[in-house]
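Each of the two complexes below includes subunit A, the first together with subunit B, the second together with subunit C.
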Partner chain A sequence: MKFNVQRNQLMESVQDVMKAISSKTAIPILSGMKIDVTEEGVKLTGSDSDISIESFVPAEEEGIVYVENIEPGSIVLQAKYFPEIVRKLPEQTVEIESDEQFNVTIRSGSAEFNLNGQDAQEYPQLPKLHTENSFELSVDLLKDLIRQTVFAVSTSETRPILTGVNMSIKDQKLQFVATDSHRLAGRSIPLEDSANKELFSNIVIPGKSLNELNKILDDTQEKIEISVTENQILFRTKHLNFLSRLLDGNYPETSRLIPEQSKTNVMIDSKELLHSIDRASLLAKESRNNVVKLTTKENTSIEISSNSPEVGKVFEEVTADTIEGEELKISFSAKYMMDALKAINSEKVNISFTGAMRPFIIKPAEHEDEILQLILPVRTY
Partner chain B sequence: MSSRFPTKGRIIFHVDMNSFYASVEAAYNPDLKGKPLAIAGNPEVRKGIIVTSSYEARAKGVKTTMPLWQAKDLCPELIVMRPNFDRYREASKNMFEMLAEVTPYIQPVSIDEGYMDITECADLGTPFEIAENIQKRIKNELDLPCSIGIAPNKFLAKMASDMKKPMGITVLRKRELATKLWPLPIDEMYGVGGKTAEKLRNINIETIGDLAKYDVYHLKSILGINGERLQNRANGYDPRPVDPDAVSLFKSIGNSQTLPYDTTDEREITKLLRSLSEKVAERMKRKTVVSENIQVMIRYHDRKTITRSHQLHDYVEFSEDIFNIASELFFSNWNGKAIRLLGVTAQQLTEKEEMTKQLDLFTYENEAKNENLYKVVDDLSEKYGKDVFKKSVTHEGNHSVSTSFQKDFLDDFKRD
Partner chain C sequence: MNTWGDFENVQPIVAKMLENSIKKNRISHAYLFQGPKGTGKKESSFLLAKSFFCKYLEGFNPCNECRDCKRIESGNHPDVHPIQPDGQSIKKEQITHLQKEFTYTGMESNQKVYIIEHADTMTANAANQLLKFLEEPKRSTMAILLTENGQSILNTIRSRCQTMSFKALNTKQLESRLVASGISEPISKFSAALTNDFEEAERISQDDWFAKGRTIVIKLIQVLMEGNDEAFLFLHNDWLPHFKDKDQSQIGLDLLLIWYRDYVSYLIERKDTIIYIDEKEKFEKYTFSLSRDQATKALKKILEAKNKLKANVNPTLVMEELVLQIQR
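Here is the complex of A and B:
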C-alpha cells in the first residue's frame, strides 16, 4: 500500500474517525484506525462497536487532486500515535507506505516515522446497510434536531432506553424526543417526501452517538441521508458514513404525559428570563436540585427567587409581556430551565403551567408546533 | 483586674461535668448523695454495663463499661439505676445555657462537656474568676459538680480539666508543660486510645513528654498524619478553634443494641430491627431531618461485624419505611449465623425545611393529586409561620427512652 495525501484533508478525516475510537475497547484491534486505499481515494475507519465512522478523502474532487501515487492496499494503525504525528508533520504533502510485514512509513519533508501496523484482515467488517428505508435532510436541520433534544437524555443507566433520543416519523413529520424523566425536549419538522417511511416509525438512537455526530458535522445546507435497519442507523454525507447501533426496547409513550390544558400562561422575553434565572441559581445548591422559585405577581410581573439558608437569598422581578390565568408559585431546577431556554433560542417564549406539581411547557412564541420543552417542577416542603 | 487577663493568644475553657449521670440522679434524690451509685444500661441482662458511677463507687474500683456483675463483686452495696435520659438532657441543656450566658463561643462536645472561648470576656474578671463563677453557679443552681480546665487551646484545656476532679479548676500554661503535662503516662493523653498507646509504648514512648520529643518522621511512619498531630498537641500546640456550630454538623443518626443472647431467631431479629428503626425515626423527628441512606450493622457471635447501606432515591423519615429498608438490607446480607448486636443508622440527613424533590414525568401524579393540600399548608405557613405545623410533630416524642449517646440532643438547648 502506498499513497501521497494532502495533510489538511487527511487531518480532517483522522479527527472525524477518532470520535469513534476508544482506547478502552473489548476488541483490541478496534483501538486502531483502518486505512483503505483504492484508486478512488483513501478511506479511514474507526469504531468502538457502538459507533463506527468512515471518512473518505477522494483522490480528486472538482479538479483538485488530494491523493496521488496510489498503490491500493489496507493497513491498521495505532490510533494513539497517528493523529498527533499527522498534526505535527512539517510539510503539506504526506507519503504513507506499508510493507508485507505491516511496517508503516510516514514521510513528510525530511521527517520519517516508522510505525508498527496490523493486518487489515483482522479488522471487523462493518455491517452493510440496505438503503431502502432512507430519507434526506439538510445537515444544519439535523444538527438543530440533535442540539435541541439530546441534552435532555438521561445520564443514568437505571432506565437505559432513556439514554437515547426517540426518533419517529408520523403524519409527515419527523420528531426527536428525549427525556431523563425530569424534563423532556421535543423537536419536530415536516418531512416532504415521507411516502414509505413508516417502516421505522419508532427507534431510539444513543444520545452519545448523536453528540458525536453533531461534533463531526459542519453547519451546511448539504444533504445527509439517513437509513435505518432493525438495530442500526446510518448517517451518510458525501464523504462520511456514520453508523450507530440503536437502543433495544420500547421508548415510553410520552405524548400522553404532556398536559394539553394549562392554568397559567406567561409570555416573556427569553433572554431576560434566562439571565434572571442564571443569577438566582448562583445561590441555589446542586444538592437541593438547583431549585429556584417563580412567583406570579401583580400586573405582568414575575418574581424569580432562590434561598439557601446558609448562604443567602436572591429576589428579582422580571416583567413579562403577558400573564394569563391563575396565580402561581412554582419551584424548579434552574439548570433545566436554562437548558430549555437555550435550546429554544427564540426571542420570546410562551410558558404554560398547570399547577405547582405538574409539568410545565415552554415553547417559542413563533413556530410553536416545532419545539417543545417540558420541565417537571421540584416539590419543596 | 484585667492586668492579670492574658493579652496574647486565646483563653479556652473545657468544662467537664463530674460523673454526670450519677450526679444528676443525686441532685434529684439527695438520699443518694455520698453513696456508691452506678447507672447501668439494663440491670437484668448481660448488656447491663456501667455507663457511669459516682466517685464513691469509683473509689471501690467500679469503672465505666465494666459489666454489672463485676461491679457488684467489687462493691456489693452498689446502688444501680437505669438511665433517665430526659433528666440528663434537661440538666445538660440548663448547664449549657449557663455557659452561653458567659460567651456565645461555646462548643458542646457531648452531653456533659464542652469548650468555651472566653478570650473576649476580660470584663467579667480574670479567667480563674470566670471559671470559679461558672463552677459555683452550676453547683448552686443545678447541684451538679464540674471541673474546668483553663488553657490557651482546646487540647490543653481538656487535659487541664482532667487534672483535678471533682470540682477542680486547673490552669495549664504553655510554660508549665514540662512539669504538669509531660510526666503523665501516654495513655492519659486525650486522643490516644488503647491501640495508639500500645503502638507508642512499643517504641518506648511511655509519657506525653516522650512523645513531645520523639522524632516526627518516625512517628509519622507509625501513626500517619495523626502522629504529627499528637506530637504537636504534646508540645502544647492545637489550632482547632472553638466552633459553636460544630454540634449541628451531625452526619447520621443511629441506634444499636446487643441482644440478650446470641440468636438466629428471625422473629427476635425482626423485633429488634423494628424497635431500632422506631428509635432512629424518633430521633430524626426530634431533629426534623429526613434521610436518603439507611445502613444496618450486624455483629455476629464471634464479634465479626459488617455494615451494609442502601442508597435511596427518595427521603425517608417514618419508622415503618426505615424498618422496611433495614430488614430488607438485613435479610439480603445476613449469613445465617448467630447475631449478637444489630444497628440501624440513617445517613445523608437533610433538614426537612431544606428538603426538595425533583418530580418525575412518569410518577408526578402522586404529588399532583395532593397539590391542593400542599397549597393550604403553604398558605397557612406563610400567614402564621412555619411553626404551626412543626410544633405538634416535635413535641410528642419526649417520653421515649433512647439509649443512644449521640449528640443530637445538644441541639435542643440551641434551638430554644
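Here is the complex of A and C:
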C-alpha cells in the first residue's frame, strides 16, 4: 500500500474518525484506525464496536487532486499516535507506505516515521452498503428529530431497549419515539419520496449513538442518506459514513399510552410557562422529586407552585391564552416539563390533561401532529 | 488444538458430544466446561466458537484460515467476548458490561459467543447478574463457562448449562511422553503431578525455579522431622524468599502436599503412585517417627493453609502457622 495525500484533508478525516475510537476497547484491534486505499481515494475507519465512523478522502474532487501515487491496500495503525503525527508533520504532503510485514512509513519533508501496523484482515467487517434500501433527509431536519426525542431515553439499564430511540416508518411517515416510562417524546415527519418505504418497519437506535451523531453533524441543508442493514444503521453524508449497531428486542407499543380524549385543554405561551416552571423548580430541586404543581384558576390563568417544607414556597400566576374544560390540580416533574417545552421550540403550546392521575400531552400550537411530548404526573398528597 | 480430531485425542467423550451437537445443529445455549487445569478447556471453547462462526466448515471442522477463524484465534473477533477475572474475581461490572453488549445487535453477524474463564471466581453479584441472561437466552447466543472447580458454581447457573466434564489426562501417559522427550524420571513425575498440560509440564521441567523449590520442600521436611526447632529460621531464610507471592506459595504448598501424599502412599504400599521417587530412603527412615495419622493430619493442615491463602491471609502468617502445626 502506498499513497501521497494532502495533510489538511487527511487531518480532517482523522479527526472525524477519532470520535469513534475509545481508549478502552473490548477487542485490541479497535484501538487502531483502519486505512483503506483504492483508486478512488483513501478511506479511514474507526470504531468502538457500538458506533463506527468511516471518512473518505477522494483522490480527486472538482479538479483538485488530494491523493496521488496510489497503490491499493489496507492497514491498521495505532490510533494513539497517528493523529498527533499527522498534525505535527512539517510539509503539506504526506507519503504513507506499508510493506508485507505491516511496517508503515510516514514521510513528510525530511521527517520520517516508522510505525508498526496491524493486519487489516483482523479489523471487524462493516456491513456492505445497500444504497437501494435507503431514504434521504436534510441534515438539519435529522438533527431536529434527534434533539426532540433523544433526551427522553432511559438512562437505566434495567430495560435496555428503552435506552434507544424507536424509529419506524408507517403510512409514509417517519417517526422517532423515545420513552423512559415516565415520559415520552415523539416526532414524526412526512417522507417525500415514498416509493421504497418497505425497508424496515421498526428499529431501535441506541440513544448514545444518536447523541454522538448529533455532535458530528453540522447544521446544514445538505442531504443525509439513511439505510438500515440487518444489524446496523448507516447515516451517509458526502464524505462521512456513520454506522451504529441497533438494540436487539421489541420496542414496547407506545401508541396505546397516548390518551385520545382530554378533559382540560390549556393553550399557553411556551416561553412564559418554561420560565415560571424554571423559577418554581429552584425550590423544588431541594426536595427529591423536583415536583411542581399546576392549578387552573379562574379568568384564564394558571398557578405554578412548589412547596418544600424545609426550604419554603413559591407561587406564580401565568396567564394562559385559553383554558377549556374541567378545573385541575396536577403535579409533575419540573425537569421533564422543561425538557419537553425546550424540545417543542414553538411559541405557543397546547397542553391536554385527562385528570390529575393521567398522563398529559404537550403539543405545539402549529403542526400539531408532528411533535408530541407526554409526561406522567406525580402523585402528591 | 485446531481440529476436532486433535481434540478427540485428548478428550474423547467431550469431543464426541460436541461434534454430535454441531452435526445435528443442536448446539446448546450454554455450556459449562469443567475439569482440571491443562485439560484443554480454553482451546476447546475457541474451537467450538470457530465451528460456530466459520463459514467454510469442512464437515464440522473449522477451516482455521478464514477471517473469522483467524480473528477468534487472535482475540479480535467482534462477536466473541472472552471474559477473564479482573484480579481475584469476575466483577459485577464485567457482567453488566457483557449484558449491555448483548442488548445490541451483533457487529457482523447475528450470532454471539461469550466465554467466561474461571467462572467459579464470579462474585455472587456477578453470578446472579449472569443468571438473568442465561435464563432468557437471546437468539443464537452461546455461553461457554470454563472452570476448574465445577462444584463452586452456583447451582442455579449449573442447572442452566450443559455440563461437559473434562477428564484429567492420564498422568502416566504424560509422564512417559516427558521421559521420551529426554527429561529424567523424577522430574517428569514431578511435572506431571503439577500440571496436565504437556507444554506446561515441559516448561516446569526446564525451570530452575521449580527444581530449587523442590529441594527447598525436601529440606523443610527434613528440618521439620529432625525437630531441632529450626523450622522458623528455615522458613524465613529459605522458603519465603523463594516462594514470594501468593501464587508461588500455592505451588510451594502443592509440593509439600505431594510429599505427604507420597509418604502415605508409601505406608499403604502403593509405591507406584509415588512422585518423589528419589525420597524412598527418607520415607523408610521416617516410618518410625511419623505415623499415618500424623501424615494425614498434616495433609489436612496443608489443604487448610491453601484455602487461607485463597482467602487473602498473609502468606508469611499462613506458613508460620502451618509449620507450627505439622512440626514434630
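Just so it is clear, the second predicted complex is superposed on the first by the 296 of 381 C-alpha atoms of A that agree within 3 Å, B and C clash if a C-alpha of one lies under 4 Å from a C-alpha of the other, contacts with A are read in each partner's own complex, and residues count from 1 in each chain.
One rule holds in what follows: a contact is a pair of C-beta atoms (placed from the backbone, for glycine too) under 8 Å apart; a residue touches a chain by one contact, two chains touch by 3 or more.
Just so it is clear, the model here is predicted, and its values are computed rather than measured.
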Practice item. Could you tell me whether subunit B and subunit C fit or clash when both sit on subunit A in the superposition? Key: fit
Practice item. Please work out whether A:Ser262 is in contact with subunit B alone, subunit C alone, both, or neither, and reply first, second, both or neither. Key: neither
Exercise for review: Could you look at A:Ser74 and tell me whether it touches subunit B, subunit C, both or neither (first, second, both, neither)?
Suggested key: neither
Practice item. Applying the touch criterion given at the start, work out whether A:Thr254 contacts subunit B, subunit C, both or neither, answering first, second, both or neither. Key: first
Review point. In the superposed arrangement, which partner chain does A:Ser55 touch: subunit B (first), subunit C (second), both, or neither?
Key: neither
Point to revise | subunit A-centred angle between subunit C and subunit B, computed on Cα centres after superposition, in steps of 10 ° | key: 60
Practice item. Using the superposition on chain A described above, determine whether A:Ser108 touches subunit B (first), subunit C (second), both, or neither. Key: neither
Review point. Given the touch rule stated above, what does A:Ser276 touch, subunit B (first), subunit C (second), both, or neither?
Key: neither
Practice item. Would you sort A:Ser333 into first (subunit B), second (subunit C), both or neither based on which partner it touches? Key: first
Review point. What's the minimum Cα gap, in whole angstrom, linking subunit B and subunit C in the superposed view?
Key: 10
Practice item. Once the two structures are superposed, pull the subunit A residues common to the subunit B and subunit C interfaces. Key: none
Study note, to complete from the structure: Given the complex, residues on subunit B that touch subunit A span 351-362, 364, 367-368, 370-371, 374-375, 378
Revision key, fill the gap. The subunit A residues in contact with subunit C across the complex are 26-30, 49-50, 121-125, 127, 157, 160-161, 163, 206, 230-232, 245-249
Exercise for review: Quick one: which bits of subunit C touch subunit A in the complex? Just the residue numbers, please.
Suggested key: 67, 70-71, 74-78, 81, 96, 99-110, 138
Practice item. Would you mind writing out the residues of subunit A in touch with subunit B in their complex? Key: 179, 181-182, 184, 252, 254, 257, 288-289, 291, 309, 329, 331, 333, 355-359, 374, 376-381
